[in-house]
Amino acid sequence: MELYHVELLSAALFALGVYGVLARRNAIMILMAVELMLNAVTINAVAYAAFLDPGRLVGQVITVFVITVAAAEVGLAMAIILRLYRVRATANVDEADTMRG
Amino acid sequence: MMELAWLIPSLPAIAFAFMVTLGKRLPNWSAIAATGSIAVSFALFFFVFADWLGAKSFPHPENYTFVYSIDWLRAGDAILTWGMWIDPISLTMLGLVTAAALGIQVYSWSYMAHEPRFTWFFAVHSLFAASMLALVMADNLLLLYIAWELVGICSYLLIGFFYDRRSAAEAAKKAFITTRVGDVGLLIGILLLFVETGTFELSTIFAALAAGDLSEGIVTGAAVLMLLGAIGKSAQFPFHVWLPDAMEGPTPVSALVHSATMVVAGVYLVARIFPFFEASDTASLVLLSLGAVTAMGAAAMALVMTDIKRVLAYSTLTDLAFMMLALGAGSVTAGMFHLLLHGFAKATLFLGAGSVSHGSDKTDIRDMGGLRRVMPWTALAFGIGALSLGGLPPFGGFFSKDEVTLAVFLIEEPYRWIFLTVALTVGFMKALYMGRLFFSVFLGRLKPENEHAHEAGPAMLAPMLVFTTLGAVGGLLAFNWTDGYQGFGYFVFAGDHQEAFHPNWWIAAASAALAVAGFGITWLAYVTGSLRTDSIIAKVRPVHTLVANKFYVDEVYQWGIDQVMLRAGNAVAWVDRAFVNDIGVNGPGIVTEKSGTKLRLLQSGKIYNYALGMVLGFLAVAVAWWWAL
Amino acid sequence: MTPDVRFELLWPEFLVAGLAFLVFTLDFFVRPARKEVLAWVSAAGLAVIIAFTVPFLLNEHDSLFDGLYRVDSYALFFKVLSMGIGIAVILGSLHFVDRRLTHPGEYYAIIIVSVLAMMMMAASGELLTAYLSLELLSFCLYILSGFALQDRRSNEASVKYVLLGAFSSGLLLYGIVLLYGALGTTHFAGMAAALEGTGGVDGRLLVGLALVVAGLGFKLAAVPFHMWAPDVYQGAPMPITAYIAVGSKAAAFALALRLFYEALAPAYDEWQLLIAGMAALTMIFGNVVAIVQTNVKRMLAYSSVGQVGFLLMGIAALSPLASNALMVHLVGYSVTNFAVFFAITAFYNATGKDDIPDFAGLAGRAPFLAAAITVGLFSLAGLPFLAGFVTKFYLFSAAAAEGLLWLAGVAMVASLISLYYYLQLIRQMYIERAPEDEGGSVTVATPGVLAAVIGAMALGTVLLGVYPEPVLATIREATAALLDTGSAWPTLGSAGQ
Amino acid sequence: MSSMEGALLFALIAVPFFGALVMVFFPADKHSLIHWYTRAIAFVGLVLAVYLFVTYDTDGDLGKYTVDFAWLPTLGIRYTLGLSGITTPLVLLNAIIFMAGVLVSWNVTHRPKDFFIWLTLLVSGVYGVFLATDLFFLFFFYELAVVPMYLLIGVWGSSTDFTKMEPAEGPGFGGGGKFDRPKEYGAMKLMLYLVAGSVLVWIAIVAVWAEARSATGEASFAIASLAAVEYSREFQVIFYPFFMIGFGVLAGLWPFHTWSPDGHVAAPTAVSMLHAGVLMKLGAFGILAVGMVVLPEGAEAWAPVLIGLGTVNVLYGAVSALGQRDLKYVIGYSSVSHMGYVLMGLGTLEVIGLNGAVFQMFSHGIMTGLFFAMVGIIYERTHLRDITVLEGLGKRMGVVGAFLAAAGLTSLGLPGFSSFVAELLVFIGTFRTYPLLGVLAVIGAAITAVYILRLMAKVFFGPISDRWADLEDAKPLEAAVGAALVAVLLLWGLYPFRIVEIIDSGVKPLLEGMGIA
C-alpha cells in the first residue's frame, strides 16, 4: 500500500463530505457530511504520520484532537439545530433563509 | 503745470468717489463737486496747453511728453506703468472733452433738476469725464484700454439711467455688449503687440515699428484688431446698431457721451496708433472701406428717421465715418479737425434737441414745426449747428468737411475716385438731412398743441450758445494766422506730415455747391412744400423700406443672438445636464448601484449555496495558483 | 517534550480561564435582578488581568512547548487588545442583556472564554494549536450568535454560522493536514524552512494552501468565503454582532498575519498576487453590495466585509511597514466599529428598530448617538481627524511601497463607494426629519454606561486620527517580535522601520 | 520668519478648529451668542491674515517653515506649516470670505450651532491646506475642508425643481430642460465627486511618496523634499494627471465640473460663498503647489491639456451660463468659466500666467462671494431665483443691485476691478504660449458680458411688479459686507502692485524650482 492510495481514499471521503454538505437540505445530514470530511482529515493525518514522519506522533495527535473537536462540534451544532427545530418545526435548512440579499 | 496734468482726470474721479460714497448724505454738494472738479480740469488744460506750447519750441519734431509715470504692476518680466502722453492730438481731445463736459454739466443742472437720481447722474458723468480724460492722456495701450472700458461702462450706466424703462435697459445692454465685441479685438491686438514687443508703452511700440522689428502680418493684424475696438466704440458698420438706441439716455448724455466725446474715442484711437495704419496699406484700406460703407448707410438712415435724437444719432454715425475716411486717407489732421468741429456742432444740436423735447415733450419731428416762434434762441443755436454740420460755408463744419474731402482726394489710385465720390455724396446727404431736421422742426407752421412749449432757461441756453459760437467760428482754426501757427495741420499731424493750410478750390467749390443744393432741396420740401416728399418716397418704396428698417441689420443681429447664441446656451446647458451630468456623473453611480442589486442576489440565504460559494472559491484559488505556476 | 516549560508565562491565560469559571459559578449565587454584577465582575476581572499582564509579559520573549505557543510582544499586543475588546463588549452589552436576553451568567462567561481563545490565536506558533484556538473562539461565537433564544433570526444566524463554520473547519483541517504532508511539519518556523527548501510547489502543498486560505478566508469573511457574515451579523444580538465584527476579525488577522509572515513568507511570490486579488474582490464586493442594503446591521456587515479587503492588503504587501499598517488599521477599525455598533445598539435598545430609515431625524432625538455614529462612519470612510484617515493612509502607503499601487487605487475607489452608503445613514440622521407618528419625536435615551463606552470609542477614534504615534510605537514593538522569528524577507529589509 | 509668525500660522488654523470644538458645548438655543462667537473667530482670522499679508516679506523663499512637529515619523510625516507668496493672498481671501459669510448668515436660525460648527471646521481645513507644507497634512486638511460640505448643504440648503416651473418666455432660458435638483442630490454629488477627486490625489501622493522613498531610502511627506527627488519622466507623465484631475475636480475642471453648479445652487449663502469663493481655489492651488512642484516634467508634458481644458472651461461655462434661468445656476456656471482662467494661467507654466492664475483665484473668490451674498439676499427676500420671473428689482433693492452689478462687472473683466488685472495677466501668459487659446479666452470674457448684462437687465432693470411693493433692500450689515468686498475688488483692481508683488515673490521661486524661468 502506497501513500497515495490512502490519500486517494481520504480525498474521496472528503469529496463525499463536501458533496453531502452541498446536496443535503437537512441540517443533521449536513452535519454528518461534515463529520465525513473530518474523518477524511484524520485518515490523511495518520497516513502522513506513518509514511512521512514515522518517528513522531504529530499525525496521531492531530487525529486525537480532531476527533475531540468534532465531538464537541456535533454536540454544539445539535443543540443549535434543536433550537431551529423548536422555532420552525423543521430541520430543513431551506426554511432558514429569512435573511438574504 | 505740466507735472500736474495727472490731476485733470483725477479730479473728476475724486468727485465721483465723493458722490458715490457721500452723495446721499450731501446731495447739494454733488453737482458742485462734479462741475467744480471738471471746471478745474478745464482750467488746468489751459495751463498744460500753455506749458506745452512754451516748452516745445513750436513746431517740434518730438511732439510728445511724458509727464508722470508710476509703477502699477510688476509680474515676472512685465513691468506695467501708468504715465501720460501729451501731444497735440491728446491736447485737442483734452480741450474738447473738458469743454464739452463742463458745458453739458452746467446744462444738466437745470435739465436734470427734477430727477430723483440727480446725484447718480452727476457721479457717473464725472466718472465718464475722468475715464475719457485718462483715455486721451494714456501713454500706454493698457491704460488706454482700461480707460476705454471705463468709458464704456459709464456709457452703459448713462444709457440705462432710466433703468426702469425696459427699452433703456435693453439699449444699455446692447450698447455695452456691441462695443464689447469690438473690444475683444482691441484687447487681442494690444496683447499681440505686448507679446511681440514686451511692452504696452506707445513710444516703445512705435520705436519698434519704426525700426522694422514687427513683421508686416503683425502690423496689419494689430492694426485691424485694434480697429475693431475703434469701430465698436465709434459705432461704425457693422457695430453701429447700438448708437441710435443709446438715445434712450437723458439728452445731455447723448450730447456728451454719444456725440461729442465718447464715440470719437474710436477715431482718437485710430489717430493715436496712426503709425500702424501708415505702415499697413491693407489696414488703411479696411479703414477707408468701413468709413465709406458706414457713411453712406448712416446718411441714408438719417434721411428717413423721424425721431429728432435718432436723426442726430445717425448723423453722428455719418460724421464719425467721415473722420474714419480722413484717417484712412492718411490725414490725421483732417480727421482730428473734423472731430473737433463736429464735437462742437453736435453738442449744440443735442443740447438744442434736449431743449426742444424739454420744452415741448415731443421727440418725433413730424409732431413739430414752427418752434422758432416759441423757442427762438434754441432755434438760432440749432440752426447754426445744423448749417455748420450740413457743411455750409462759412460755418466751421464746412471747413472740416472740406479738409476731409481734400484728404480723400489725395488718396492714391485706384481707389481715389470711389472714395471721393462717396465723400462728396455723403457731403450732399449731410446737407439734406440737416436741412430736413432743422426746417421741419423750427420752420413752417406751429402746431396748436405745441403752443404751450417754452424756451429753456439760461443754464441750458448758455452752454448751448457757447458751443454754437465755437462751432460757427471754429473753422477759422484751419487758417495760418501767424508764423507760429500755420493752421491746424501745423499743430495736429501724424509722423512728419506737418502741413500748412492749402485749400483746393475745386473741391471746396464742389462741396459748397452740394451743400447749398442740399439745403435748397429741403427748403423746397419742408418749408415751401413745393417738393412732395411722399411722392419721392412712393417712387423708391422698397429702398425706403429697407433704409427705414435700418437695412435690417438689427434684425439680423437679433436673430443671431436669439437663434444662435442663446440657442447655443440652451443647448450647452442641456448637454451639460443630459450628458455630462446624467450620463457622465450619475452613470457610474447608477452602474454601481445596479451591480449592487445584482450582486446581492448571490446572497441567497441558503446554507448550501454559501457552502458552494466557498467550494468554488477554493477551486478558483487552487486553479489560479495552478495556472500561475 | 521539553521539560523546562515556563508555565508561569501562561498566567494570563489561566487567569482568564479562571475568571470565566468564576463568572459561571457566581451566576448560581446572584439573584436574577442583580445579574448586572456579573458584567461588572467580568469587566473588572479582565481589566485587572490586563493590568497584571502588561508588566508581567512586557519583555518576555519565549516559546513554549517546543514552539507551539509563543510568548512575545506580538502576542502580548493581541492579548491586551482581545481583553480590551472583551471589556468593551461586556460593558456595551450590559443594557442589551438586561432588556433582551436571558442567562446573563453564561453570556458573560462565554465572552470571557472567547477572549481566551482570541489570546491563544495570536500566540499560536503551530497550525494545530491555531486551529484549536480558532475552534474555541468559533464555538463561543456560535453560541453567542444564537443567544437571543426567542428571536428567529438569531437562531437562523446561529444555524448558518455553526454549519458553515463546521464546513469551513473541515476545509481548514484538510488543508492543514495536506500542508503537514507536504512540508513534514506544522510549526510555522519549520514550514518556512521547508518552503525555502522545496524547489517547486507540488499538488499537496498547493491544495493545502488553497484550503487553508479558504478556511481562514471564512474566518476573515473574505470574498468569496464571506457569505455567512451578513446573515450572522444581522441575526446575532447586536453587541455580539459588534463582537464578531471586531473581535473575531482581529483574532483571525492576528493569526493570519503570523501565518503568512512567519510560515509562508518564502512563498511570497506565489501567493502575493492571489491575496491581493482576493483583497480587491473583497473590498469591491463588500462595498458595492452594501450600497443597496436597507438594514443597518446588514449594511455594516457588508461594510466590514469591505474592510477585510483593506486589511488583506496588509498581508498582500508583506513588509514591516505593511504589518504595522495592518495592525494600526485593525486597532482603528476596532475602535471605530465599536463606536458605531454600540451607538446603534443604544438606538435599538430604545426603539427596537434597526432599518436605515428608522434613523431619520436622530440628530434631533439623540444628538450624542448621531454624532458618535457620524464620527464612526466618517472614520470608516477614511475622512480626516479620525482614525480611518490615518490608518488607511498608512495602509495604502505601505501597499504602494511594495508595488501594489493598483490595489491601493482600488481600495481608494472602494472607500469612495463606502462613503456613499455611509452618507445615506448620515443623511437620515441629520437631514431627514423624524416621522411625526409612532413616537418618532421621542428622545432616545442612552444609559450612562453605554454612553460612556460609546464616548470612549468615539474619542479613541478621534485621538487615533489626531495623534496615532503612541499606538504606532507600541505596534512597532509588537511587529518587531513577529519579524524576529520570521524568516528571510523576500523583498526588502527593514527600511521604513 | 520669526517664531512669532509661526505661532500666528498655527493660530490661524487652531483658532477656528478649536473654536468649533468649543462651540459644541454651547447651548443650542443661544443663537445670538453663537453668532457673535463665530464672528469673533472669523475676525481673529481676518486680523491674523491681514497682519501676515501686510507684513509679508517678499524677499524670502518659497515655503517658510515655521511650525515643525514630528507627527508620524515612520512614514516621515511632520506637521509643518509655512507661508509663501502664493498662499498669503489666498489665506487673506479665506479670512475675508469667512468673515463675510458669517456676517451674511445672520438669518440662519435653523440649528445655527451645528451650522457654524461645520462652517468653522471647514474654514480651518481651508487654512490648513494653504499653510501645510507637508503633503500628508495638506491632504488631511483638504479632506477636512470637503467633508462638512455634505451636511451644510444637505441640512441648510435649498432644492430647485425645474419641473414645476412654467416654461420660460423668450429664447435662452432653457436652463438645461426640466429637471429636479433636490438639495440632497447636490450635496451627495458634491461630496462624492470631491472625494473621488481626492482619491486620485491620494493615489498620486502615495505613489510619489513610495517612489521617493525607494529613490532616497528615506520616507518623507515634506513637499520640499518630495520635490527635490528626480523622478523618471515616465513616472511623472503617468502620475501628474492624477494630481491634475484629482485637484482639478475641485477646481471645476471640465468635464468634472457638474458638481459645482448643482452644489452651489443647493448650498446656503455662506456655504456657496465659501465654496465657490475659496474651496474651488484649493483645487487650483493643489495643482500648482503640489502637482507642478513635485512633478515638474509631468506638468510640462500635460500643460497643453491643462490649458486646453481651461479654455473649454471658460467657453463652456460661459455659454452654459447663457442658457440658465436660475440666478444661482448662472453664477455657478460663471464660476466654472472663471476657474477656467485660473486653469489656463496654470497651464501656461509661465511667470506672468501663473501670477495671473493666483491673482484670479483671489479675485474670483472675492467676486463670487459678493455674488452669492447678494443672490442670497434676493432669495431670502423674494424666495425666487428664477430670472424669467424677477424683474425691476433695482427700484426696491438698489443697494443689492449695485453690489451685484459690481460683482457682475468684475466678472466680465471691467478694468478697475481686480479680475481685470488677473485676467490680463492670464491673457498675457496665454498669448505668450498658446496665442490661439488666448484669443478664445478673450472671447469668453465677451460672452461673460452677455450673460451678466442679460441677468442684470432682466432682474434689476425694467418696470417693477406690484408684487415687490414692500421688498426690503440690503440691511446695513449686509450692505457693509457688500461694500467691504467691493472695496477689496477695487483696491486691488486700481492698484494691484502690492498683491502682485507678493504673488510674484511666490511664483518665481516655484518656477525656478521646476527648472523653468
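Here the chain labels run A, B, C and D in written order, and each chain numbers its own residues starting at 1.
The criterion applied here is as follows: a contact is a pair of C-beta atoms (placed from the backbone, for glycine too) under 8 Å apart; a residue touches a chain by one contact, two chains touch by 3 or more.
Keep in mind it's a predicted model, so treat the numbers as computed, not measured.
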Legend entry - Centre-most chain, if every chain is reduced to its averaged C-alpha atoms: D
Legend entry - Separation of chain A from chain B, taking each centre as the mean of its C-alpha atoms, in whole Å: 97
Legend entry - Approximate Å spacing (C-alpha centroids) for the pair chain A, chain C: 26
Inset, instruction - State, to the nearest whole Å, the distance from the C-alpha centre of chain A to the C-alpha centre of chain D. - result: 64
Legend entry - Inter-chain centre distance, chain B versus chain C - centres from mean C-alpha coordinates, in Å: 78
Inset, instruction - At least two other chains touched by the same residue of chain A: list those residues. - result: 21, 30, 93, 96-101
Inset, instruction - Name the residues of chain C that each touch 2 or more other chains. - result: 159-160, 163, 167, 171, 230-231, 292-293, 420
Legend entry - Per-residue multi-chain contacts in chain D, two or more chains: 192
Inset, instruction - Mind listing each pair of touching chains for me? - result: A-B, A-C, B-C, B-D, C-D
Inset, instruction - Sort out for me which residues of chain C touch chain B in the complex. - result: 159-160, 163-164, 167-168, 171, 200-201, 206-207, 209-211, 213-214, 217-218, 223-225, 227-228, 230-231, 270-271, 273-274, 277-278, 285, 288-293, 417, 420
Legend entry - Interfacial residue positions of chain A with respect to chain B in the complex: 18, 21-25, 30, 93-94, 96-101
Inset, instruction - State the interface residues of chain D toward chain C in the complex, per the touch definition above. - result: 71-75, 114, 125, 136, 139-141, 143-144, 147, 150-151, 154-155, 184, 187-188, 191-192, 195-196, 199, 202-203, 206-207, 209-210, 213-214, 217, 219
Legend entry - Partner chain D, residues of chain B touching it in the complex: 71-78, 142, 145-147, 149-150, 153, 156, 160, 163-166, 168-170, 172-173, 176-177, 180-181, 183-184, 187-188, 191-192, 194-195, 562-563, 565-574, 576-578, 580-581, 584-585, 589
Legend entry - Contacting residues of chain B [partner chain C, same complex]: 589, 592-593, 595-597, 599-600, 602-603, 605, 607, 609-611, 613-614, 616-618, 620-622, 624-626, 628-629
